[in-house]
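Structures for review follow.
Below are two complexes that have chain A in common, paired first with chain B and then with chain C.
Let's look at the complex of A and B:
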């Protein structure tokens, strides 16, 4: 899903100004370690996922394993889209 | 009594009790005491003298907690710097208090080394994590924290006591309207007094399990550690509230009884389907940093009718000012209550005379929880600490305006300065403006707080650019993120052709008419 990865990168970089890494954000970098996404940021990210990809993210899916890096987001989205298709 | 005795006494009374849970690590009181003693000896061995300042620059972690008590055991003064504080501000703080040692982790070491030329007093860096050695040429001696904490198998007693309770225990840096952070000086007596008052009204007991997701750089977070250890309770420390579901799972798994929150967290919690979580062990929730909106109080009360909800108010300069007894929360949800046990609070008019119910005035705090002043800032100190009832006594003028009802309950009205409170943290508009002005294309910058349902206030920057300057909102926010803590980065930027001025030529924030739309 190269386009999805690009879209997610763009959203994350545009909405969460990564002080230390900027455009150098690697796909494995933990958002938590970079210290810029907080709980309200996570909810914004979820709203973006739900609106852009027409999925429903459940409360119990709000965990770092699903959301805490570009790669994790891509994998999470793949799983969600498979289930819903 | 001295603050490190909170731990020492609990380690004698409850050696096998779980003191600290952090991720997959669990430590008993005996283990915490042991680790702290080892680190304390290492600090003394590195030449840390009584009264020296030692900084902690770590995420919420076992190491951060051990550091607090180890520094106190070494007779030194601790300060916790927010883990997202950037190199230039960290260097300012280290220099301001002339810290001689720093405890940090390997991810932050590069930035510290880059700034080492600016921090001539700093000699030793204790480093948690993988890369423990400082680069040659920085003049810093670096020590692997892990090796210090492991040591030998033989128990180590604490270093001999070298301080008394009117000596400094902590510096807590807080935003000042000048844009530079000020170090609030707290003695052992200040901290012990505040912790005693708060654990009294919370009715804290050794069976309590307190879940802390707040950073230890924030006094509200720090005191969760201090108070849990004071009563011999268990502290469950999370790095943050970023992933709320994961935090709630921890809350259930650890059978948490006490949950301190800020309004932002309440707003996020209320967006979840909380009915699905079994929170029946929860005994109390506390809120401070900013007022909880009344409709959030009502919803929390409806969801958790058996949980005591404490609305509180405070400022770093005296830790806590007031709390609303939980049985009053449905009666007067808009009030932040009355003074704590062993503290007097009153409202004065501009002449400094006490006023009665319904009259707005400045809140004054009197008690042994009131700070000794701002580090190295006698003039700033004199503006807020004024003579009290007895010779030598000083009372705290909070800069916050309040009124009381007929029964003496306090209602917050507004602040004297323009400090913004967002995400539970204080932000100086001047500090953010200074960072914006350091960008070449920025001609004028005004930073204001605008109301936000989730965050209380969000930071908005109103900017005029020099002609032909191509800077975008994105550029400005990224620049801010490189120099400011994450909570201080503007959420929205508005560009204008010009900003309104006062007759003296200063930017008039009153006439800015910033729209409440934060741009989210």
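Let's look at the complex of A and C:
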């Protein structure tokens, strides 16, 4: 899902102005470790996923394993989109 | 309560009185009732007076009989009546009823040790012409401000930095290291200020200037000693602690009512200000006037509790409403008075509140600040306790539930999973030995904002390490203190003077010529509170436990038992969403950001876009926005165009009188 990866990267870079973002952000960098995301950031991210990809993120899915890097997000989305398609 | 200013020419040249006039003009809002100055060879002292005690004969600068000792003083000495009686027994003769004269005589009696006898809030300068020695001092906790600089072989000092900047040869430049500190700790670490070369005399310090030599020395230290729960069992019971605390608070309040003008009180609806108001009611049969702020946004409004306190205590109450638009409108004036970047808008409503007090003809209010620091009220203390528990018991299934109990008023946090809460607040067992354990999450979160700095500011900051500086400054014995005491110390030594008592306190009250007095900051209360076992300050997770015990029956049960709500105000949305604010558009424009060179234009643009679209909801975005905007205002009003902005601020404050 190269487009999705680009979309997610763009969202993270535009929406989280702080922390080590930009070209230096690798797909495996942890948003938490890089200081990109705080408690509100998680919700902003989920809102973006739900609105852009028309999925529903369940409460139990709100965990760093699913959401804490570009690669994790891509994999999480793949799973969600497969289930809903 | 007043403003002071002065000059010492270190090369011995006489001081030109016109310079003193320029300096004191800039702080006439602190003392609109009268002003005066005095020069003696290489020294000049100036004073703007807000008359509160001995209205007829308390003018300053004040001198002894042969004019060999002169003083300018901002503040109040609350035990002046007892000190005066004692000095009279020792043969001193007084010409006034004023507390200023008490400091003067006490200095004659015991020299620079005089400060040890004072119970109060002060910043003063004493010129001892026989010894050719200037003595400056600031109260224990930093209620009253005092800044200084050295320029062209002169030591220049004043209650506010704008007085110092009134002299044309003083440079005005923002210090990037101060920005680094503010965008980490929320305050600059004294003696550093926002501006390069301008120093603050730290709280609890005195300074002498003699023969060109400047010496700064501490006269008081907040010390938690062996006050931990592990300390040898104190013979006192909980009842005895509670009784003693109440006794001290009663007396601290009693002597803070000493005034020749009427005294009012702030009433926030919280435990601290309600208890202070209740204690005042014990001493005065006269009608008591109370003042409060109401917010149109229910998230911040505490009107319900204020009204319950008013009914219970029977005060004459005045309330001023505060809207988002009000905060946006007054914010430039707030920063003009605060003289530093701030990460919160919370000073703005207090600025509006002091305007209400002044409008009703009051000059003095009692208020509840200091209680949270000294008696264990802040959420950060509770957060640290829970994090410590979680670190010690990594398998406890209570962890997510405990973490959620932390910030019940923050909806965003309530919807987080345990895994994320653990990531935000969790701590490993080995981290509990960290001397800054309590403050790590706050400082780490705030530090992340620093990516908004421009490349040039970042390179000027270089490898500077604020934590290392703070570590160096920790008092002896700190590492042995209980975790709660360590956290209390960090709050009381830095955030209290650097933000609560200044940006939210003195500067906002004095903007409208109002003096605030703080019973919880009576040093007897503070020193006693430092000896209260931590388990009585926060019992399990019940904050200010002992104080609540004291307040039983004195305040409405609803106020005593309500969940703690920290004083907050709406943040970034004050500047967007309503009518466009010209100064916001201008100061945050990409051109202006690039030109001023403090922040990165691309990052600021992203941030502003988020606010304009209504997408910014988090604490980080809000702190960043307010931090960037206030820094730009500091730059605009102090660095770029000092005189013009002064004229603007003066018109607004309506203090056009010139001092001669």
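Operating definition for what follows: the second predicted complex is superposed on the first by the 81 of 85 C-alpha atoms of A that agree within 3 Å, B and C clash if a C-alpha of one lies under 4 Å from a C-alpha of the other, contacts with A are read in each partner's own complex, and residues count from 1 in each chain.
In this section, a residue touches a chain if its C-beta (ideal position, glycine included) is under 8 Å from a C-beta of that chain, and two chains touch if they have at least 3 such contacts.
Computed from a predicted structure; not experimentally measured.
In the superposition on chain A, A:4 contacts neither chain B nor chain C.
Of the two partner chains, chain B and chain C are each touched by A:40.
When the two structures are aligned on the shared chain, A:81 is found in touch with neither chain B nor chain C. Once chain A of one complex is fitted onto chain A of the other, the partner contacts of A:32 extend to both chain B and chain C. Contact with both chain B and chain C is seen for A:60 once the two complexes are overlaid on the shared chain.
Once the two complexes are laid over each other on the shared chain, residue contacts for A:14 go to chain B and to chain C alike. For the contact definition in use here, the residues of chain A common to its chain B contact set and its chain C contact set are 14, 17-20, 32, 35, 38-44, 59-60, 62-64. Residues of chain C that touch chain A in their complex: 410, 412-413, 415-417, 419-420, 423-424, 444-445, 447-449, 451-452, 603, 606-607, 609-610, 615, 617-621, 624.
Of all the residues in chain A, the ones that touch chain B in their complex are 14, 17-20, 22, 31-33, 35-44, 59-64, 67-68. Those residues of chain A that touch chain C in the shared complex are 14-15, 17-21, 32, 35, 38-44, 59-60, 62-65.
Here chain B touches chain A in the complex through residues 83-84, 86, 107, 239-246, 264-265, 267-268, 271-273, 276, 423, 454-455, 474, 477-478, 480-484, 486-487, 489, 520, going by the rule given at the top.
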